[in-house]
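Heads up: the structure comes next, in structure tokens.
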Amino acid sequence: MTLAALLARKALLILTITLLVASCSFWAVHLLPENIAMQIAAARFSGTEPNQQLAEVVSQSYGLDRPILVQYADWLAGTLTLDFGVSLVTGRDVVHDIAHHGQNSLRTVFWGFIAGVALAIPTGYVCARFAGSHLDTVLTVFSAAISTIPSFLVAIVMVQLFVVELGLATLSGTSGWARLWVLVLTIALSISGLLSRVVRTAVIDVRLQPFMLHALIRGVPERELFWRHGLKNALRPVLNYLPVVFMFLIYDVIVIETVFNYHGLGWALINAVKALDVPLMQGLVLALVLFYLCCTTLSDLLTWRIYRRKAS
Amino acid sequence: MKHFFLAAAVTGAVISLTAAPGHAGPADDTIRIASPWKIGALIPSASTALSRTGVVETLTMPTTDGEIVGLLAESWIPNDTLTEWRFKIRSGVLFHDGSPLTAETVAANLTKFQEQSSLRTAPVTNIAFEGDEVVVKLDRPYSILPAVLADWNTGIVSAANLTDETGDSVAGTGPFSVTDASDPTMLKLSANDDYWGKKATIGKVEYLFVPDAQARQAMAQAGEVEFAFSLPVTATKMLASADSVQVQIQAIPRVRALKLNGGLAPLDEVVVRQAISYAIDRKGIASSIVGNPDTAASQLFPASLPAWHDTSLEPFSHDPAKAAELLASAGFTKGDDGILIRDGDRFEIEMRTYDSRPELPVIGVAIQSMLKEVGIEVTMKQGDWTVISDGHTDGTLEAGIVSDSFVYVPDPIGALSENFYKSGGFWGSMNWNNDEFDALVETYQRTVDPEKLAQLRTDMVAMIHEEHPMVTVTWYDDVYAVSKNVSNFTFDVYERDFGLNRLTWAE
Amino acid sequence: MSHVSEARRPWKLGIALTLLFVMTATFGPLLYAVDPNAQNLLSVLSPPGAQYPLGTDQLGRDVLARLLHSARYSAGIAIAVVVFSIALGCILAGIAQWTGGMISTSLVMFSDAVYALPGLLVTLLLADVLGGGAMVIVFLLWIVAWPEYFRLSYSVGQQIVNSDHVLASRLAGASGGTIFRLQVLPVILPYLLSLGAISVGRIVLAIATLGFLGVGIAPPQAEWGMMINDLRVYWQISPVQLAAPVFAIVWVVLALLILSQSMPKAKPGLN
């Protein structure tokens, strides 16, 4: 596949999904009996008595008195131009909130991902090199368990242990290593479990390849052989697996941020959901979805870049 | 590929390093507050944070004895018929943006936020200014205007903040000014050196919105914050071993209640609401969930408001048999599944709760089960407090577990007129219209004779006691944690000001 | 080879653990017939004892009863979602296979789009707006779960439909239904079931996450995630009550883990 075709396909996918999410949130809200004009009025003029006149004014200023299909088209157009409206709670631009919380999330997700990969590759490699040994069994069971246990449980334990009991980490603020290291560790643990198992399988597979066995028999040292020829082959399944890892990252963002009181996109989403702040909810969900899609696109591009010669 | 990783690493590093780490405590002269209340829009009528942290101030304030004294108003005087009040505005006061406090600005504030603050319960016809006086005209005699203007939501901001745009900052007159509000979950303040009153000795304040009660408790326990408000009552046991923090329990004139939509059948019938009241085991809730059996409400007002607490009233009681009897008399029969039916309609209601006060959802589930016992099916919906206010506004609320202070307006008549007058308010009754009660409220608001006032109080309280426009469940103990690093803190039972300018660091 | 026999042992253990979970969910509430929502405000957070084998929660409700009813709730939702997803996935795959052309392409594209969506996000976005409840949860988990089954049955189906013996049956005049019943279904079923078993575990965890976040599951429904969230404030006072739902989750996790490691791989080797 050419780069242009790959990019075009990804762009189409992103567009489809954006429209899908935007449609879902629009219809879910507009098919409900609750009067959205009233809700907006209540938030915007927080505290005012219910008042039909006010609702009509708001209704007009938001264009809620137009036919529903016109509103729908308008909503989609707004979404595509990243105009999500204003938060019903703070009255600020949703994009402002997304940028603010997104920056926080990016900080932990980036380092969490790096740490996770840094943890997974050596673990997986060691497991594969000593496949079948006790070390392998222990590491595999541990990594499998930690990756399947819901991350909220892991996060609760981390908070109790490192924040409350040992006082080695904090629950406030959004920066500084004292704040971030537990979050990064929790994210890293949750993704490295999965990833290390993929690495393990990939390395075992590569070691069993005929060209590897052949070279080994001819006396080429294994380590050198692996770095020269094996790595590229072992990396492919790992790269293919990245979308699943990114999916886990997104879930971690929501759950772990909530438990750690870390003010990122996931934390904001849960609070927006509780406040039924629809514009903010849909903006945050789209931001998370787009972030996920961009990550998968990047990993696809990387795969394409490394392996394009084979493909052509 | 190398370039990609390099670019990614650089981006990541930049993102990580853009903000400096923050530490609290005497070391950097910062008080940190973990609060369950979101900051919201930066307007005084919408954000309790602005008044409680001392950013904005009101015209008047209550003393601890409940007497109303001047804050931004130096003095005031009504005309003989109590239909016109003149407030003399304090001179020499500057807003944080440098502009002077004038009667004109105050009048503009009161006019702009009239519908969003407690002023909407006053029969105001006109707000104007003359020289250094603000003149408020009313269409009927109104004796409690100074008390109404002590409510936190009538705070005054500078003229530049009176536009329709909600900005990133706000300028009030208080002992602390906003230095950074770009983070929607945190308010950074610093001491106002030009403050007209008692200047703060503590340099900086960070007000943190922490919605999760467990996180607030953990932050207090770890000594990360100087204050954590609205903790679960078990915090006293959980934090007993913490050496840097003390958990305090403070009774405040506040109530937890079951708000009912009185415009919705069958909740519009007095007997049905009485039955609901009989079905609720207040003692059980008070002792096991609130942790203090004495908070079980026997009537609307607690004994700490002696003028309003009527000892002659028959206390609320838990009597499921009586409840069943009343419901049967209203024409309900039990269906096969144990749920009451009348004319083919099952008795089912949706009840909303919010968790900023962590015990409310627990009380909600307890009441859900108690009502099930008498045959009322309750479905629960949990959100934040906006599910109550929005539901009240758009009329979709059926029932809700709420909590409200009696003394935001330092005279409980303020809470009564806010919550029960006409069709009610967010934290009180809903669609309960009782002309007789409304007439009593209006009479009270123009009466000055103490004996007549006492009689009116008795009549109003008795009416609410009988009709249950909202079902009172418990009175209130507030549980909060305060660091031992801080001294001079007193809890403001009016919940309008943390008094941060009086705090000092402990030696 | 030894590799196979090694994989078989845990496979049985996984099945046993899963079966045990389903059995507990089915019969547990019958054998231990205590109302999970009956509260006793006089004995809140009481430790395990004769009357309450696992103690009581913050409202004096029996934790064991709640644990068992939660198992039933989660298992019920998970199985419903898997059954619906298999049904929808197979039907759509059949349609795509038989019609081909535009319809097939657009179905594949649509399922790719839904598949690429982080499912929990959609559930979070819609569960609160739609008001929660078991039916809503089933519906929401269903609309994000089916593409997996569609992709699987579509790719396996394609392989079979293009094979020689199906072609022979077609030439012999067998109807589409017959071919599906006799030649497609037997091949595809093991894949679907192994994917289904793994899905059940995953969905149980997703429900626990929703319960923990307090979205979409309304009290007084007993649910493990919600029990953990409610009780974690009291962890020093009532550790057993908090540990109980945690162990329940770990149990399901373990079953799922062993199954997913050792079941026949649901990858037909086609793309």
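By letter and in written order, the chains are A, B and C; residue numbering begins at 1 in each of them.
Everything that follows uses one rule, which is that a residue touches a chain if its C-beta (ideal position, glycine included) is under 8 Å from a C-beta of that chain, and two chains touch if they have at least 3 such contacts.
A quick map from chain label to UniProt name: A = Glutathione transport system permease protein GsiC; B = Oligopeptide-binding protein AppA; C = Nickel transport system permease protein NikC.
Source: prediction; values computed, not measured.
The most distant chain from chain C, with centres taken as the mean of CA atoms, is B. Just to note, of B-C and A-C, the chains joined by more C-beta pairs in contact are A-C. Distance between chain A and chain B, defined via averaged C-alpha coordinates, is recorded as 37 Å.
Between the CA-based centres of chain B and chain C the separation comes to 43 Å, rounded to the whole angstrom. Note: centroid distance chain A to chain C, computed from Cα atoms, is 22 Å. Each of residues 160, 258, 274, 276 in chain A touches at least two other chains.
Residues of chain C in contact with two or more other chains: 128, 214, 232. Shared interface positions of chain B, defined as residues touching 2 or more other chains, are 355, 382-383. In the complex of the two chains, the chain B residues touching chain C come out as 213-214, 217, 232, 234, 237-238, 281, 284-285, 287-289, 355, 358, 361-362, 364-366, 368-369, 372, 379-383. Residue ranges on chain C touching chain B, taken from their complex, read 37-39, 41-42, 44, 58-60, 128, 131-132, 214, 218-220, 230, 232-234, 236-237.
Within the complex formed with chain B, the chain A residues making contact are 33-35, 38-39, 41-43, 45-50, 88-92, 97, 100, 103, 106-107, 110-111, 114, 159-160, 163-164, 167, 170-180, 258-261, 263, 271, 274-277, 298, 302, 305-306. Interface residues of chain A facing chain C in the complex, by the touch rule stated above, are 13, 16-17, 20-21, 24-25, 28-29, 32, 144-145, 148-150, 152-153, 156, 160, 243, 247, 250-251, 254-255, 258, 269-270, 273-274, 276, 278, 281-282, 285, 288-289, 292-293, 296.
By the touch rule above, chain C contacts chain A in their complex via residues 109-110, 112-114, 116-118, 120-122, 124-126, 128-130, 205, 208-209, 212-215, 225, 228, 232, 235, 246, 249-250, 253-254, 256-257, 261.
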